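Paired with chain B in one complex and with chain C in the other, chain A is shared by the two complexes that follow.
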Partner chain A sequence: MSVRVGEAAHAPAFPKAAKRLLENAQLRRNVRRATDTIRAKRAKVVAEMADWQELRAAAHEIKEHTLRYLDFYLERFEANCTRAGGQVHWARDADEANRIAIGLIQARGQREVIKVKTMTSDETGLNRALEAAGITPHETDLADMIVQLGEDKPSHIVVPALHRNRSEIREIFLRKMKLAELSDRPEDLTGAARGYLREKFLRVKAGFSGANFAIAETGSICVVESEGNGRMCVTLPEILITMLGVEKVIPTFRDLEVFLQLLPRSATGERMNPYNSIWTGVSAGDGPREFHVILLDNNRTAVLADAESRETLDCIRCGACLNACPVYRQTGGHAYGSIYSGPIGAILSPQLQSMDHSKSLPYASSLCGACYEVCPVKINIPEILIHLRAKLVESGYPPLVERAAMKVASVAFSGADSLAAAQGLARLCQWPFEHDGQLRNLPGLLGGWTDFRDLAAIPKESFRDWWSKRTGGQDE
Partner chain B sequence: MPVISLFITCYNDMLFPETGKAVVRVLERLGHAVEFRRQQTCCGQMHYNTGYQRDAFPMMLHFVKVFRDAETVCVPSASCVAMIRDHFPKMADRAGDASLRKAVDELVPRVFEFSELLTDRLGVTDVGAFFPHSVTLHTSCHAIRSLHIGDKPWRLLEHVRGIRLVELPRRDQCCGFGGTFAIKNADVSAAILSEKVESVLDTQAEVCAAVDNSCLMHIGGALSRQKAGVRCLHIAEILASTESGGVQ
Partner chain C sequence: MSDAKTEILERIRRAVGPRPPERTVDYAATERHYRHSGTLDGAARLDMLEERLRDYGAGVYRTSRADLPAAIAQAAAARGKRRLTIPAGLPREWLPDTIEFVPDESDSYAGLDCGEGALTACAAAIAMTGSIVLAHSPTEGRRALTLVPDYHLCVVFAAQVVETVPEALRRVAAAGARLITTIAGPSATADIEMIRIQGVHGPRRLDVILVVD
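For the complex of A and B:
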């Protein structure tokens, strides 16, 4: 079984990738500006909602319920989608999903496909597989298009080109669209993109989409977006293929009421998405003549098996946790080596890949809790990070020196006498590193601290020593 | 008047004894009896958050044993209180130990972070302190997101005579400490920290205060390295200061 999440299988460990990205001043500036803007917009529209916390709780409940009875709702979705003229395909992993998609496109003799933002297809590496099969994918989401034309990688779940500013985008467009001239005014940039894309919308006969929600009750698919490119991709082509993870199913149409309030506010700081497309199967004389749904597992059912972390699958891919995260803010998305970046990526990627890769990701967090606070479906990301760290420790992943240090500390903390002894030993050992009351150049793991910060030398008298003296050892 | 049992926490005990002394001074000045149970060690937070659950469990058991019959427990560290409140109940559940869970449930409501203890349990905001300096307040992540401490520390500082309080820009942003994160991801941690230091320096305050010395150890470590001339102080040390003594 080949489970992969974008590039994660070959990506360098997070600290190493992050270190390199931290040197890119332009990227950090772009990421800070963009996340600050979205955060401010989100905060404003969330504050308007008196029942925001109730909505979050409701969304969490709907998702937990659905995951619990996932097999039931998926089969119900399949039955209703099929009844409406759609065809449902089940894909165990990335390769199987790609094979199904390529087979469908090739069987209709198509050599090109227009795509609306589909993170799941980035997860499966579909574009590369399409190209290898002689099919040209055209990303039509503006940011995805920038990433594709720039031969770049997405750095954010919702705004994949967030690490680029408009002068960089102008340069990419000029080069790739072979334009004589172009300003970096947003109007001109979008004008260029529109001209470039319109020709493809009108000509290409195969369309590809992801799904924000799949509704079991009706067999419908829901896609929300801001640019209208999605509406074009799901209505103009003759054949439409939609790929989604199995966790995207929700029980009823009415459940959308909850999610369509939470998602746009959390994702882009809008009260409502400009385009909300919901379709059911095929309709004679209108829209695609053929509609296929590929339901992707790619290890999701294994995630489901772990009760402590299964709520990872509640995610509706709004990206709010990325914008709130102090780590993401410094590094941007590329450090996570996966299409899924930020806090949600740090818990999702290692689970989808059964911890075979991306083992460094659960440590890429200060556990500040900002992600959990903004999550519209209340995924307790810090808890899951800790749970994944515990699994890694159980598997013997951390370096020996760390495991030994933790063991020594746990012995020290086992009782008051051992603690006092350890304190005395630490005090004795610090003298080679002490300069003017500060510790510098500490050895081993602790060097990670003193590379960047001082550490005040350990005072001669601990609190417990002071207390003993004060009470003459009476108050035990 | 309840007897207040001080859980100093492992790192305050060794690295920040002045904070513990300040807590004792404030509480005794308010007329409370303070006890210190010498058998206490650590809440297990570092081990637990880094994934060493097996090692954290005996520390939790030890804590429960030491403080089981304590009337009120005062902890001058928000993240340790978060460890106790958020994780101890689950640890007991995972061990499948119903009587331990019961003991935890009975103990947890009596455990207070220092500023919570003053404002909620003891109902005071004016502790009679005097501190003629400009101070900015870093709101520690665990304090605001786990303990939901809100403006309690700020209200305590507001009542300090002579103080000039300056609001910290982007105050809900983490300082980048995160326990072993600061070592395992030292570069990213330092990058987060540099923004925090920038905010602190923007305020032009003489002192950066917080309810958690772990954040202050981090912020203060950078300020010291940069010779920035800004001190970090746990709010207990500010609240302990009076006209006749304390930190000056």
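For the complex of A and C:
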């Protein structure tokens, strides 16, 4: 089985990619502005909720329960969706999922498909596969459209074009929509998107969506959105295909009452997003006549098998951890080399790829814990990062020099005598670099620290020396 | 090679390992200490709904049952609407005679795209989130009716207003709804520099008439 997460297998390591992106001042301004705005809005609407912590706890418990009985809930979902007139397909990996989708569209003679934002189809690389099969996908979420028309990559889970500003967007639209004139006012840019897509919504007969939740008890799907493009895609076409990861199932309709409160406040800082669509199979006289669900594994079952990082699968893709992360806020999403960026991407991408790719991502964090604090389903991301780092160390991932340095450090810190010896040696070696009690311009790898940060020199007298002088060599 | 379903289910069973045998007991043990119902009285609930609808850019009118037709006429006139599409089951006694109403009986979407707007009832409204809940009954219409036209005028009765999300979902679940749409203000986006723009693909204007007796 080949597990693919977008194009992560070919992405450069995080530090390399980050270094290049940090030089792009425009991108940093755009990312900073966007994440600051969402954070402020989120903080305000979360503070309104007296029972926020109780909702988080309940969400975590529901997700953990669901994962324990995932096989049961998936089969129950399939049975109820089928009873309501839907058809359920199972896909072991990205290629299988894409093949099913393409087969369904081709069998109905369709050459175009309208799509509502779905991370899962980015994960499987569906658009590229569709194009290779002669089918044109139209992304309809405004930000996804900006990314697609700009031949760009998404940089945020919720706001994929957050790295673009209005004048960049204007240029993309002018070029791709073949417009004679367009201002860079967000109202006008949005209006252009409405005009451009309306014709497609009414004409294209195949629709494609992801799902925020699949309800086992009723066989229903729930899609959470703002622009109305989601409602268009799941309502107007004659055939609708919904692709979702197996972890998206929840046991009962009632469970939605927890997630529909947590998700909008965490994702966009709204009390409720403009639109939620819930549908059950097919309904006579309303919406598509044919409905298919593709349940995707793509290594989620391998994540499930690791009890210490299983809760990665609790994620509801709100993006709050991205906005809160001091690393993401500097680099933006592209540095992560995966469609899943930020703290959740740093734990999800390497696991989905059996730690074969994205190995630098578990290190793309300062472990400050801000992600855990804002996570609406209480995924302990810092702990999982450490767990993944340990797995990587066991597999021999870190460079030889780093491992050798750690070995030396481990000897130096193993006893008072060896520590004193190490300190003495360091004191001897540091004098060419010491100025006013600070070390500057250290050579080699150590320079990676002193180029940007202060480092205090090792003092002439250690605490132990001072203490033994004070007590005359008598330990207390 | 086994089929995908069998293989995925096997992988899951292997991955999760031993678990408590009673799934229903395990589910019942999930702790739900959050709020299940509101505490506001009727008037405060309506005020909160109105404030939050306005916060998202919806227009709000208050009226009594007797004056409902006049309120509909007023709201439509304020938006310059002379002809609204209505679901086939909408009570005719709501309708003023100053506007033309066209029952939505075709199954095409092109007609809705040319229409001026839609007038519907709803299944519930949530004060805390400023949301309207549609369950697409004969008085609320098919989903496209409140999606394709550029204007949506929605009638909400005070008795349909609940404070919290759980209360609203309980109501539509009890009614056995298969199709549910929740609406909080007109369609919107913040995808360009995080500036909130009202009116993307769904109706660009939403007005709500609160019927208080």
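Rule of thumb we're sticking to: the second predicted complex is superposed on the first by the 469 of 476 C-alpha atoms of A that agree within 3 Å, B and C clash if a C-alpha of one lies under 4 Å from a C-alpha of the other, contacts with A are read in each partner's own complex, and residues count from 1 in each chain.
Please note the rule applied: contacts are C-beta pairs under 8 Å (C-beta built on N, C-alpha and C of every residue); 3 or more make two chains touch, one makes a residue touch a chain.
Quick caveat: nothing in here was measured; it's all calculated off a predicted structure.
Undergrad: Looking at the overlay on chain A, is there a clash between chain B and chain C, or do the two fit?
TA: fit
Undergrad: Looking at A:Y69, would you say it contacts chain B, chain C, both, or neither? Reply first, second, both or neither.
TA: Second partner only.
Undergrad: By the touch definition at the top of the document, which applies to A:M272: first (chain B), second (chain C), both, or neither?
TA: Second partner only.
Undergrad: Looking at the overlay, does A:Q423 come into contact with chain B only (first), chain C only (second), both, or neither?
TA: First partner only.
Undergrad: In the overlaid three-chain picture, which partner chain does A:R464 touch, first (chain B) or second (chain C), both, or neither?
TA: Only chain B; A:R464 stays clear of chain C.
Undergrad: Taking the superposition on A as described, I'd like to know which of chain B and chain C A:A409 touches: first, second, both or neither.
TA: First partner only.
Undergrad: Which partner chains sit in contact with A:D451 here, chain B, chain C, both or neither? Use first/second/both/neither.
TA: first
Undergrad: Looking at chain A, does chain B or chain C touch a larger number of its residues?
TA: Here the partner covering more residues of chain A is C.
Undergrad: With the two structures laid over each other on chain A, which partner does A:T37 touch: chain B (first), chain C (second), both, or neither?
TA: second
Undergrad: Can you give the closest approach of chain B to chain C, taken over C-alpha atoms and in whole Å, for the superposition?
TA: Distance of closest C-alpha approach: 18 Å.
Undergrad: Taking the touch rule as given, give the residues of chain A at its contact with chain B in the complex, in rising order.
TA: Its residues touching chain B are 14-15, 18-19, 22, 28, 326-327, 329-331, 362-370, 372-373, 386, 388-393, 398, 406-407, 409-410, 412-416, 419, 423, 426, 438, 445-446, 448-449, 451-456, 458-459, 461-468, 471, 475-476.
Undergrad: For chain B, which residues are in contact with chain A within the complex?
TA: Listed in rising order, the residues are 8, 10, 12-18, 20-21, 35-42, 44, 46-53, 55, 58-59, 62, 141-142, 145-146, 172-174, 176-193, 217-218, 220-222, 224-225.
Undergrad: Which bits of chain C are touching chain A when the two form their complex?
TA: 3-5, 7-9, 11-17, 19-20, 23, 26-27, 30-35, 52, 56, 107, 109-110, 113, 126, 128-131, 136, 142-144, 147-148, 165-166, 169-170, 173, 178-195, 197, 199-203
Undergrad: Going by the contact rule at the top, pick out the chain A residues touching chain C in the complex.
TA: 30, 33-34, 37-38, 50-51, 54-55, 57-58, 61-62, 65, 67-72, 74-75, 84, 89-92, 96, 140-143, 146, 159, 161-162, 165-166, 169, 186-187, 189-190, 193-194, 197-198, 201-202, 218, 220, 226-229, 231-232, 235-236, 246, 251, 253-254, 256-258, 260-261, 264, 268, 270-281, 283, 285-287, 295, 297, 301-302, 304-305, 307
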